[in-house]
C-alpha cells in the first residue's frame, strides 16, 4: 500500500486481525470493515467488550459497520485528507500528541532543505505541462558525513515538526465542516475521542480498505492516516497501527511476490531503461542509513537480488554477467498499470492479453472502453474456474453487453482452472500470514491448475525457440526448471524455491558452517550477494525450512493472552506479527504500559510476545530507531520524494467533483485535482461535470457478495439477488423515486439500470453552502452467473488513477439518476 | 316381485330425498371420522380408514364441499316442513314424555316433529359455519393467503361447529335407532300407516286426505269408464 | 335387488367398525409418536483443512468430502464449515465463506477448454493440446514481431510490450511465483494483479 | 435412520400424543438456548447462508425489493431471515436495527399445541422444538398456533418446515450452524442458564453505554424461549421488525386446543353412551304393528289394509270419541 511504505517503510498492514482486539479505539474509515471483512471485524467487537473500546465509523453512508458503531459520521466521498489534516492540526495545536514517541521514533526533528516550499496548493518544482514535479527540493539538509541535520528542540523553522504544523494550519474545523459536510460539533467529538489515545498506554487502530485507496489521492489519504498514528504514538503497539484490509485472499501474496508491472519478488524493483549499469542499479536501491547507527535494512538489497537471479537462472547467472541483469525487462514508464495498458490496447497497440482469474471487463473503469479495447486484440486468454464476463465480452447480452460478435475479430481462449479447494499451497492474508491449504477434491471435468497451464505454455515456447529461433530466447531457455514433474510442478517444490537454499556450504564470520550445500535457509539473514544462495522471494525466506513447512503450522497457543499465536502458520518477515514492534517499548526498552506489553528489552536482548521487528541484540542505549526499513530509522511525517504529489498530503478534489474548485485553493485552477495525476486525453474527454451529472457517486462491495464471484454461487445469490443502487430519502423524494422502483444511473461514460433502495442511511450533505447528494452503487452483478443478471457498475466509473499507484478512482465520481 | 311392498304404507321420502340424505349421511360420517382423527389423538387411528394421515387431511375438505353441496339442496327442499309450528312448542315442553315413550300423551305433529326440526336447524347453522371456516383453514389452497387471526378464529369456529354437528348427529342416529320404523323410512322410503298415524298424525291425515282424493278421482274415472263400456 | 338392512345387521356393522377403530386406538398405529432427528450428514466424511478463497482475513475452513481416497471412489466436497482451531476465525465464516460450497460446485464452473473464433458468436470445445499449441503460437508470433531489445534512446530494454498479463488474486503463492517467473522472463511489463481494483 | 432416532427418553412433549414421556432418567439433559445479541449483529447474513448450507436448503433466487432483507420472508427453504429496520427515535437518531428472525423454540410451543399429527412436532428435553416432516400431515395448524409466525408449509410436499435449532448438530454435541458461523459473536449457544448470564452481562454493558432500556427478550407468555435476544431497547421489541411485545399462545388457540379438546371428545363419547343407556332403560319406540299389546298391534296392522277413506272416517270417529 503506497501510502504506508513512505511513512513506515513497508506497505503492509502493520498489525493483524486478532490484535485489533487490543485496541482502545477503533477508527473504521475508508472502509466498511464489518461488511467487507466480517470475521476480521469480530476482533473489533472483542475490543469493545474486552477493553471497553469505542468504534467510530466514518463513511459516506451509514453502513453495517455504522450499525454497531459507537459514533457514526457521514463524510463526503474523497475528502478524508481534509478530515485527517484537520485532526493533525487539532492534535498539534492542542498539543495532544504522544511526545516521547514522536520525539524518539519520528522525523519531527529533521531539517528540510531550504528550497522546499508549498504555495497555493502546489509544492515546489511543479511542471504544469507534464503534470509532474521536479522533486529535488523535497529532501533534507545533510551534514558533512552525509547524515541528516536535526534540531531536537523542534524550534528550527524548517524542521519537519514546524513545516507540518504550518502545512496543516489551514485545515481548520470550519474547513472540515465545509468540505467534508460533517457538522463541526460532530467533528470535534470524534477528534476528542481520537485525541484520548495520545497517552502512552492507549491505542487507536485504523481500519481502512479501498475506501481510501480508490481515489486519485488515495495513497496520500492513507499517508495522512499513518501520520495521525505516528502523532498519537499508536504505531508498533498492540491494538494500534494502520491496518490495510486487503481485498482478495492472496492479493498480499501476489504483491509480495511482485506480480506488478514494476516489481520483482519481495518489493524489489525492476530497473528503468536508464539504469543500464548493474552496480548503479544496486547502489540506488541498497539504501544506506541517513542517521548514524540506523538499520536501513534495504542496504542488503544485492543479497536479495542476486539470490533471486540464482533462483531464476541457476548457473546461467554469474557475477561476470551481472547475474543476468541484462535479461530483465527495463521500464520506461513508471508503471505499466492497467489504465495505461488498456489505453494502449484501446489504441490497438496490444496483440495479446492474459487474464488469470481476473475479470477486467467487470473490474476496470469505463467498461465500454475496456470492451472496445479487448475487441482490438488478436488473442485473449482467460484462465478461470468460472464463466466470467471478460471471456464473453464479444457476446451480445442485450443492453447489458450490447456488442456485435461478427465485428469482433479477437480469438478468445477460455481455459478451465482449479479453485482453492482443488489444489495445495499457501496464501497470504492481510496480516501477512502465509497459510498452507490442502486439496480436498479433484476439479470438475478437464480443469487444470494454473501452474500446469503456465508450464505447458512455457514448454511449447521453449520448444519453438529451440527449433525456430526468435527474439531474445535466452531467459526463456535458461529458466531453472528442477521440478520432479516438469509439466505440473508441485507446490512444495515451488515453496522451497521461493524460501531459498544454499548453493554451496555457507559459513558465518567465524568460519562456522551455517548451511550445507542444498539445505533450505532459515531466514533472509542467511542470504548472500555472492551467488552462494538462491531465494525466489527474500521476504518469504523462513517459510519452508529444514524443519519443514512453517506455513502449515497449527499451534494456536497464545501464551501472553494478547493473540500473538506465533505457532500458527508463518508471517513475513521472520514470523513477526506486528510490524515496527520495537516502538511498543519506550526508548529505554520498557513497555509503554502494562496493557501494551509486546516486546521489551530484558537486559540482554529483545524478548516478548512477538518476534522483535528489530536487531534483537541491539540495546536501547544504542538508540536504533524502530522503523528499520527507513533510512532514518524513524517514521516519516515528511515523505521526501517518495510520493508523486508531495512530501505532505494535501487535499485535492476528485476528478469528478460535485463542487466547483478546491475550497482549500479556490484561486488556483492547477490545484483543483491531483496535480500529479496522469490523465489520458481520451479519458479526460469522458469526464462529466456537476451540471450534467449532479450527484456524487461511490461504489462499494456488499457483505453478501464477493466481487463478481459469488453471483455464481446460489446461496449468495439468494441473499442478494439483484443489482440495486442506494439513494437517500431526500433525493428520492426530490426525484419521485420509491423503494423498489427501477432507476437509470448515468455518467458521462454510460448508464446502468438497477432497483432503487431508498434509505434513511444516506443523508444530503452541506458542502460550501450547497447541498450535495450522494448515491451508492454496489459493484456486484454482471451478465453471467446464477444471480439476476445486471449491468456492470464499472460502466460508470472514470479511468483515472492515483498518481502513485494508478488505482482507479472508483470511490468518487458524478452521476445522474432518473426514474424509469 | 310378488312380495313387493312398494305400494304398502305411505311414501315418506321419495327416492331423491333418500339418496340425498344418504349422500349427506355417508359424507358426514366420513367427515366426522376424518375430522375427529385430526382433532384429538383419541381418534388418530381413524386416519387408517382413509389410507393414512395425509390422505385423511387431503380428503376431508373435499368431502366437506361435496356434503355442503347436497346439504344445500336438502336444506332447500326440507325448508317448508321444518318451519316451527305452535304444536312443536308443546311437543318440546313434553320432552319428558317423548323420552319416556309416552307417545300417546304427545300432541299430534306434522311430517317432522320438533326434534327433527331442531336437527334441521342445527345443521343449517353449523354446516355453513363449517364450510366457511373450513375453507379458511384449507391447506394448501386457501390457508396460505389468510391472516393468522382468521386461521385461528376459523379453527375455533370449525371445532365448535363440528362439535355441535356431531352431537346433533349422534342424537339423530340414536333417534333413528330408537324410533323403530324410521330407518326403513329413510332406506325404503315408506312407512306403515300405523307408524305415520302414531308418530306424525297430522301428516298422516294429510296424506290420507291426499290419497282419498286420488282414490276418489280414480273411482270416478273407473265409473266413467264402465259407463263408456256399457254405452256402445 | 333391494338392500335390506335389518336393525340387527345395522348394529353388527357398527360394532365391527367400532372394534376396528378401537384396535387401532390401542396401539396398532405404529411409529406415530416416534420422532427422529435428521441424519447427521458429516458421519464418515473426509475432512480437509483449507483457507477461505475470498477475502484476506484468511479464515480457516474445513472441507467435508465424500470418498475415502480409495482408488475406486472420487472425492466430492459436500459441506464446508469454519475451522475452530483457526486463531482468527475460530470457526466463524462470513456469508461469502459460509456459502463457498456453491462456488466450488457452481453451475458456471468451466470444465473444458474452449475457443471463440474471430467473428463467431459461440464457443467451440477444443483439447488442451490444441488450446496450448494455438496460444503458444500466438505468443511466439507476437513476441518475435514486437519484442524490443532497445528503446528509442538505444538503451537495452529486452521487453515485450504488445502482450499483457493479469495475474489472479486468489491463486497460491506457488502459482504466483511460477507465473511471475515465466511472465517476467518473456519480457512482459504490462503485468498486474488485483491489488488495485 | 434408526440409529439416528433420538432416544425417546429425551422427548418431553410430542404433538397429539396421549402417551406420557418418560420422566425418569432425564436429569442429565440441560436446557439449551441460542442467544442473539442484536447489539452485536452486523446483519451480514452469514447465519442465513450457513443455515441453508447445513440444512441443504436453496430458496429461489428472488429479486431486490428495495431493501436489504432478502428473501422477503421465511419459507420452507429459508428457516431464518435477517430483517432490517431503519429506526429513527424521537430525537431523530438513526439506528439500523437488524434482527435475525427464526423459530424461538418456546418452552410452551403454540405449534406443538395446535398440531394434530402425533409426533410431528416434538420438544426435546434440551428445549428444542423440532418438526418431524415424516409425520407432518400438512394441515397448517402450527402456522395458526405459532405466536411468532414462523412455520411455513411447503408447496412441494405440503409439509411444515422451520428452524430445527440444528437438532442434528446439537444431538451430536455441536452448536447450531448459525451460532458457529456468526462472525461477530452476536449469536451464541450454550445452556440456557449460561446464555441468560451472558445476556445479563451484555445488558449491563449496554446500559453502561447509554442504552437505558437494554434487556433480554425471553418472553414469559410462552414459558420463556430457547432462542433469546439481547435488545438495546427491550421496552420496545416491536421496533425490531415487529417482534411481539408480549407473545403468548392465542386465547383462540387455547379455546380450540386447550381443555375443550378432551372435553368435547368426552361429551361426544358420553352422548353416544347416553343414547345406549336410554335405549337400555326406556327401550325403543316400537313400530306400532310391533306393539307388545296384541290388540293395538292388530288394530294397527288392520289400519294398513284400510283405504284412505276408511282411515279418515276412523280418524273422525276417534276424534268424536
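Letters A, B, C and D mark the chains as written, and numbering starts fresh at 1 in each.
The criterion applied here is as follows: contacts are C-beta pairs under 8 Å (C-beta built on N, C-alpha and C of every residue); 3 or more make two chains touch, one makes a residue touch a chain.
In this text the structure is predicted, and so the values were computed from the model without any measurement.
Taking the mean of C-alpha positions as each chain's centre, the chain lying farthest from the centre of subunit B is A.
Looking at which of A-C and B-D shares more C-beta pairs in contact, the answer is the pair A-C. Centroid to centroid, with C-alpha atoms defining each point, subunit A and subunit C lie 29 Å apart. Mean C-alpha positions place subunit B and subunit D at a centre distance of 38 Å. Measuring from the averaged C-alpha position of subunit A to that of subunit D gives a distance of 54 Å.
Here the spacing of subunit B and subunit C, counted between their Cα centres, is 67 Å.
Multi-chain contact residues of subunit C (touching two or more other chains): 32, 92-95, 97-99, 101-102. Within subunit B, residues 42-44, 177, 180 each touch two or more of the remaining chains. Multi-chain contact residues, meaning those touching two or more other chains, occur in subunit A at positions 38-39, 42, 703-704, 714-716, 719, 786. Residues of subunit D touching subunit B in their complex: 16-18, 114, 116-118, 135, 137-141, 143-144, 146, 149, 153, 155, 158, 250, 252-253, 255-256, 260-262, 264-265, 267-268, 271-272, 275, 278-279, 282-290, 299-301, 303-304, 306-309, 311-312, 315.
For subunit C in complex with subunit D, the touching residues are 31-41, 79-82, 84, 91-95, 97-99, 101-102. Residues of subunit D touching subunit C in their complex: 1, 4-6, 8, 11, 14, 17, 19, 44-46, 48-50, 52-54, 56, 118-119, 122, 130, 132, 134-135, 164, 167-169, 171-172, 177, 180-183. Partner subunit D is touched in their complex by these residues of subunit B: 8-9, 36-44, 53-54, 56-57, 99-101, 103, 137, 139-140, 143-144, 148-149, 151-153, 155-156, 159, 163, 166-167, 170-171, 173-174, 177-181, 192-195, 197-199, 205, 207-212, 214-216.
For subunit C in complex with subunit A, the residues that touch the partner chain are 46, 48-60, 63, 65, 67, 74-77, 85-90, 92-104, 106-121, 123, 128, 131-140, 142-147, 149, 151, 153, 155-197.
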